[in-house]
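Once you scroll down, you'll see the structures, which are given as structure tokens.
The two complexes that follow have subunit A in common; it is paired with subunit B in the first and with subunit C in the second.
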Partner chain A sequence: MDRSFRRTFGQLQSVFEFTNEFTQIHAISERVRYVLDLAVEELFTNMVKYNPSGKGDIHMHLSFDKKEVLVQITDPDSDPFDVSKQRSVDLKRSLEERKPGGLGIYLVQKLVENLQYEHQNRTSIISFRLPLE
Partner chain B sequence: MFEIKITDQGDVVLSGRLDAAQTDKAMEVLGRINESAKVDFKELQYISSAGLGVLLATQKRLSQSGKRLKLINMSKHIRDVFHFARFDMIFEIE
Partner chain C sequence: MSEFKVNHRDGEGFSVLELKGYLDAHTAPDLETTFQKLLTDKKFNIIVNCKDLTYISSAGLGVFMAYIEDVRKNRGDIKLTNMSPKVYNVFDLLGFPVLYEIYKDEQEAATKFRQQMKKG
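Our next item is the complex of A and B:
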């Protein structure tokens, strides 16, 4: 399944309608749906936040086989930002020192499998897999 | 659909989905909390890092006056997110 979304947080509802349609068609478990929604939200909002005036919509492709969900998110106008690269998020800091920055990408890295990033001609392509249990 | 309300006892009840498009609404209500309070997650289906950030900011503000949030009735999926983010070290989760 494929769909494109404008670069605004207001599109999140449409993004979730898209993932909901996909998970219902394939009878995907609640747990996998949660991780799919979380990963897609974190990556989509990251693209919107750091390049709100970029040209072109953000495109999502979801596919399914019996063992896993495959996700690809494409931003056609972006500076390189490798979301698969490990970044320093110090989770052991005290409450006073903790900051939410970077947490979303960290969670994506923890929760999905085979997270990959490509950047060419200003186009970023992020892909990952979600095993079905 | 995300809803947040404060009960007569001063506790917070969350329901629906707390995503990045809902943080202003959550922050506006949580900003009214000035005492230690329970936050009931029973009807909350989903939270992302944006929602975690709102709770973190509230916990930081309350801690300056020795107050804190206690999170209750969390689903397994949400509890897992708190665990991966190590937010279970910052909040008391019942």
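Our next item is the complex of A and C:
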């Protein structure tokens, strides 16, 4: 399944409608759906936040085989930002030392498998897999 | 489908926020507005009941991070209750259970506030 979204947080509801449609068609569990929504939101909002004036919509591709969900998110006009690069979030830091930001990508890296990033001709392509079990 | 609602009610010596639905980057500002109002009204003892919260992302967690310091500086606290395992898992992955008090239900959090108020 494919769909494109404008670069605004207001599109999140449509993004979730898209993932909902996909998970219903394939009878995907609530647990996997939560992780799918979370990973897709974090990556989509990251693109919107750091590249709001990029040209063109952000494109999502979801596919399914019997064992896993495959996700690809494409930004057709962006500077490189490798989301697969290891981020350090010090979870032992006290509240005073913690600042918001960076947590979303850290969560994605914790929850998905085979997170990959490609950048060519200003196009960023992020892909990952979600095992069903 | 991905709507979010905050219901605010006051108990004796504390306020309760009931969260419902999807707390994401688009809906997090609604929760921020509610926290801002509580702080303006000098209501620093806050219970957040997550019974009907079906989803939270880092943007939602960011709201709790943004207000906890101000709340604690004023000798209050944000105590979280009734989390589903899915929502708790996100808090847990980011190490939040060390930083926030999380209770099974609202009653436990209310008792804790009452004990703290007695101690002064």
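The criterion applied here is as follows: the second predicted complex is superposed on the first by the 133 of 133 C-alpha atoms of A that agree within 3 Å, B and C clash if a C-alpha of one lies under 4 Å from a C-alpha of the other, contacts with A are read in each partner's own complex, and residues count from 1 in each chain.
The rule is short, and it goes like this: a contact is a pair of C-beta atoms (placed from the backbone, for glycine too) under 8 Å apart; a residue touches a chain by one contact, two chains touch by 3 or more.
Please read these numbers as outputs of a predicted model, since none were measured by experiment.
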Clash or fit, subunit B versus subunit C on superposed subunit A: clash
Touching partner for A:Glu42 - first (subunit B), second (subunit C), both, neither: both
Which superposed partner A:Gly104 touches (first subunit B, second subunit C, both, neither): both
Partner chain(s) touched by A:Glu17 [first = subunit B, second = subunit C, both, neither]: second
First (subunit B), second (subunit C), both or neither touched by A:Leu70: neither
Touching partner for A:Ile125 - first (subunit B), second (subunit C), both, neither: neither
Overlap of the subunit B and subunit C footprints on subunit A, listed as residue numbers: 9-10, 12-13, 16, 30-31, 34, 37-38, 41-42, 45, 91-92, 95-96, 98, 100, 103-104, 106-107, 110-111
Footprint of subunit C on subunit A - complex, ascending: 9-10, 12-13, 16-17, 20, 30-31, 34, 37-38, 41-42, 45, 89, 91-92, 94-96, 98, 100-101, 103-104, 106-107, 110-111
Residues of subunit C defined as touching subunit A within the complex: 1-2, 22, 24-26, 55, 57-59, 61-62, 65-66, 68-69, 72, 86, 90, 93-95, 98-99
Subunit A residues within the subunit B interface of the complex: 9-10, 12-13, 16, 30-31, 34, 37-38, 41-42, 45, 91-92, 95-96, 98, 100, 103-104, 106-107, 110-111
Residues of subunit B defined as touching subunit A within the complex: 17, 19-21, 46, 48-50, 52-53, 56-57, 59-60, 63, 77, 81, 84-86, 89-90
